Amino acid sequence: MSTSTISRRNAAPAAAPNGTARAASRRRDTLHGWGFMAPFMAFFVLFLIWPLLHGAYMSLTGKSLTGANDSFLGLANYAEALADADMWHSLGNTLYFTVISTVPLVLVALAMAGLVNMGLPAQWLWRLSFFAPFLLASTVVSLFFTWMFNPQLGLLNELLAMVGIPPVAWLNNPDVAMWSIVIATLWWTVGFNFLLYLAAMQNIPAQHYEAAQLDGAGGWRQFFSITLPQLQPTTIMIVILQVLASLKIFDQVYQMTGGGPGGATRSTVQYIFETGFTGYRLGYSSAISYIFFGLIVLVSIAQFFITRKRSA
Amino acid sequence: MANSTLLSPSRQQQPAAPAPVPAVKRRLPASRIAATVVVAFLAALWLLPFGWATITALKSETEAAATPITFFPASGFTFEAFAKVLAEGNIPQWTWNSLFTSAAITLVTLVISALAAYALSRIDFKGRKLLMGIIVASLIVPPPVLIIPLFYQMVSFHLIDTYWGIILPQVIAPAMVFVLKKFFDQIPHELEDAARVDGAGRVRIFLQVVLPLSRPILAAVAIFVFIGAWNNFLWPFIVTNDSAMLTLPVGLQTIKSAYGIQYAQNMASALLAALPLILVFLFFQRQIIKGISTTGLAGT
Amino acid sequence: MKQQQRLPEAPGRRQFLTGMGALGALLATGSLTACGGAANAAGPEDVRFWHLLSGGDGIKMAAMIDKVNASQRAFRVTPTVLAWGPPYYTKLAMASVGGRPPEVAIMHAARVPGYAPGGLLDPWDLDLLAQHGVREADFAPRIWENSKEGGKVFSIALDSHPFIMMYNTDTAAKAGVLRGDGRLEAISDPATFKAVAAELQKVTGKHGLSYGYLGDGAQMWRMFYTFYKQHGADFELVQGSRAKVDRDVAVDVLEFIAGLLDDTIATRSGDGGTAIAEFAGKASGMFFSGVWELPTMKAAGVPLDAQPIPTLFGTPAAFADSHAFVLPHQLDLNEERRRSVYAFVAEMLKGSLRWAEAGHIPAYQPVVRSAEYQALKPQAHYAGAADIINYDPRAWFTGSGSDFQAYFAENVQNVFLGRIKAKDGWDAFVKRLDTLLSKPQPV
């Protein structure tokens, strides 16, 4: 699309179609092009490319937060990271979180969109309720939920008590802590997926449903036979976005449990932060972050192939 | 640091949809009622944390920490938690820090992204394909990978605990460049050609023809960049330490009270922190929702 | 034919430039205020002070700071409180590396070896301190020794807060274990200790001793290290070599402690909160705890006295750490502010009688020797612990709220719970330490 745009544009003003005018025009284009790109590229190189390369270099040294220990270590950091039980543990936590959070974040969003799409009264209220949390900073969400999860004074244990269930140590029980974080994350971000689903549903042509209704299909049948299949591209996109976002989790975990209890919820990003800043080992921490980067790249490549296959 | 991590540039722009029609024309009243009940229940559930935080924030501190838990405090509602938080804490300072840095990030990002998007869209220059490729590739880089080298860089530049330390890495938004480029691609050439015939140079065309036509997308990008910058936690957390330089989300998390955990005040602080963007949402609801639904813009 | 979008009138170029100009001006002013800010020529010096104390300690600290601020006009101290433990220490290190840390901060003295060698702290100028009335002679020898790193003084202790024993005088009287002067009878071996605990248990009907440790590496370590050091054993951690520890003594101590947790003398699996509640509720006769719990017990109305933990194994010893003032390294040192810090710290030390009310033992001896302090009961009864304190073994990863105590918890909790043998837990802990020591020191 862009190429045709540009070749059309080039065709227009050429008054004298001889070589020199074209060449001059090209040179001027290149000058302009780089001129327009320059501000972005300056920041891009300074604050993305350079740190990316420098971080890779740091991962090969024993660099410390205090600046000490600049020695070149080769791949020793990577070897250590791959043998580091804590690193695998935090990676496991991250993957666990990704799986148990992606499922509800897709299903609940789908249910919400399905309900709202039925054209019920007070649409604006439902949209507002489901989406408003998305605009909060992670700290606010964590404050809300840490308070609700409070063992003695929290709302959730109070509600449980009302139905006779003993209190739960939401954030202090290693078996429950990750689920508590999933609950908070679900509340926080489901609104985004909800909007994506809602938009996709509203774009399904009405004729499909009319035809189905003429054939005598009821509401649920229509949902499963028409709506869901039509939503497949959206679902795939949402799942991919969700997985990529979940792998990078840090905020809520750090804020609600600090990675505890006993490291049960510590995510990879938090481990990177702790190794580098609490433990001072910037070099080693960089190695872990590049291993993590490798994982993200793999997932992204998988995404690329999945979406490619679908549109083929 | 890229503040849009959820945008996929390959997402096709949705064809302009006709006015949304309810997916199913006529439903039995019973199922509609049931559905309304369910959605109302869900909405109530989703509003619950806000409600509970508000009730807590309006209690006195002793009431908030008392058992059994009350929904309507015996000693009545009071604003003392809010008053205390505003008088004694750093929230006004942090709010200003957030406002300033988010505004700066938004402005700079918008300018450099629009310029770059225009070049990529309209100018056939040497190296264009290469740059596009690099920028697309950069979308894969997760921000957490960069925090360590960026921190080290900010230390070297002496930008730790400064506004520019917070701002600079956050103005890079490759995703926004592509969003803008897609929009520019669709602007008809006749308008630019007409201006060129009138003798306008590239810069003038950009400023006087392209930008004015792009107001909706520029506004949408600005809103999303602003929201992302305001809510960003990880980078400001890393680059600031001084309590006077923290942004609002970071301040709330890092600074504690000498008096121990004050529940009512915590909730009051959280609500005050939530307020600015909720207001933004109420004003720009349409754009935000449209932005997510149609072009897939993300705020995170 | 592409559809032309109907849009409202675009702002003209002039309006655009005016708008940009206004925003630019806003940003410029913002930048100026951000870049360090103009030095206060005529006003009081701004001294930023970081600490990690909240709750009862926090309130006392806030009061002491207010007093110093109110008493003079040359400088004004602004405190900032961060969460206790790793969040505080991580941020302090990052702030020092960043070049604009607070002018003065509190650290646990045992954590200084993780900061000073890396250049994150500046040493104290002893002459300047002397000018403000603070000298080496004003501190207990062990505290002063511990404040040095490479021959220079890096921390000035405000207090020492050892692990001590409180006891309920009423219960003790009923159990017949009080001396003539109303103090607990002398206990100098494990058997006597258990006997006394048993007597107390008979009176309370619940337990003889309150000790909480579940999920709390610090509590476990404090108790362990006290008894370990009472054996006179060494605990040395040198980077590059294996941990120098006495395995037999360690296993002995762990077994002894586990032996106390038999649900008669002490509850088998209590956490800190449970132990506090138990002693405060008079359901036990003795309480092993840090000195900082004193105000809670007094407020609960427990008739108590206190003393250093009885010497059961020959050498008087107590675990302790200190809250100490340090000077984070500044990129751009403001001399005036630095001098204000000295004045501030001197004032805080001189006013540390207030701090003693929170249970801590002031490090500044003139206060300890004063009549007012000697009149404080039971603080005066355990002040002697300051002479027998043992700080954490010196290493960059030890000290209050450090990973070291977390590692201890991971391996020892199951020993106390009776799930694994003492020697297995101990060996696993030492293995962890050796791994850490085998790597190059990152400081």
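The letters A, B and C name the chains in turn, as written, and every chain counts its residues from 1.
Throughout what follows, a residue touches a chain if its C-beta (ideal position, glycine included) is under 8 Å from a C-beta of that chain, and two chains touch if they have at least 3 such contacts.
Predicted model, so just to flag it, every value in this text is computed and none were measured.
Compared with chain A, the chain whose C-alpha mean position is the greatest distance off is C. By number of C-beta pairs in contact, A-B leads when A-C and A-B are compared.
Separating the CA-averaged centres of chain A and chain C is a span of 39 Å. Annotation: 14 Å between the Cα-based centres of chain A and chain B. Residues of chain B found to touch two or more other chains are 151, 238.
Taken residue by residue, chain A touches two or more other chains at 277, whereas all remaining positions touch fewer.
The set of chain C residues touching two or more other chains comprises 87, 94, 97.
Within the complex formed with chain B, the residues of chain A that make contact are 1-2, 5-10, 12-13, 26, 29-37, 39-41, 43-44, 46-52, 54-55, 58, 63, 111-112, 115-121, 125-140, 142-145, 147-148, 152-153, 155, 158, 187, 189, 192, 195-196, 198-199, 201-204, 206, 209-210, 213, 219, 222, 227, 237, 240-241, 244-245, 247-248, 250-251, 255, 269, 272-273, 276-277, 282, 285-286, 289-290, 292-293, 296-297, 300, 307. For chain C in complex with chain B, the residues that touch the partner chain are 2, 4-5, 7-8, 10-11, 13, 16, 23, 26-27, 30-31, 34-35, 48, 53-55, 58-59, 61-62, 79-83, 87, 91, 94-95, 97-102, 331. Per the touch definition, chain A reaches chain C in the complex via residues 62, 64-69, 71, 258, 261-262, 274, 277-281. Chain contact summary for the complex, chain B toward chain A: residues 1-2, 5-6, 8, 10-11, 14, 17, 20-25, 27, 31-32, 35-36, 38-39, 42-44, 46-50, 52-53, 56, 64-65, 67-69, 108, 111-113, 115-116, 118-128, 131, 135, 138, 140-153, 168-169, 171-172, 174, 177, 181, 185, 189, 192-193, 196, 202, 206, 227, 230-231, 233-234, 238, 248-250, 252-253, 263, 266-267, 269-270, 273-274, 277-278, 280-281, 285, 289, 292-294, 296, 298-300. Within the complex formed with chain C, the chain B residues making contact are 100, 103-104, 107, 151, 154-155, 158, 160-164, 186, 188, 207-208, 211-213, 215-216, 238-239, 241-243, 245, 254-261.
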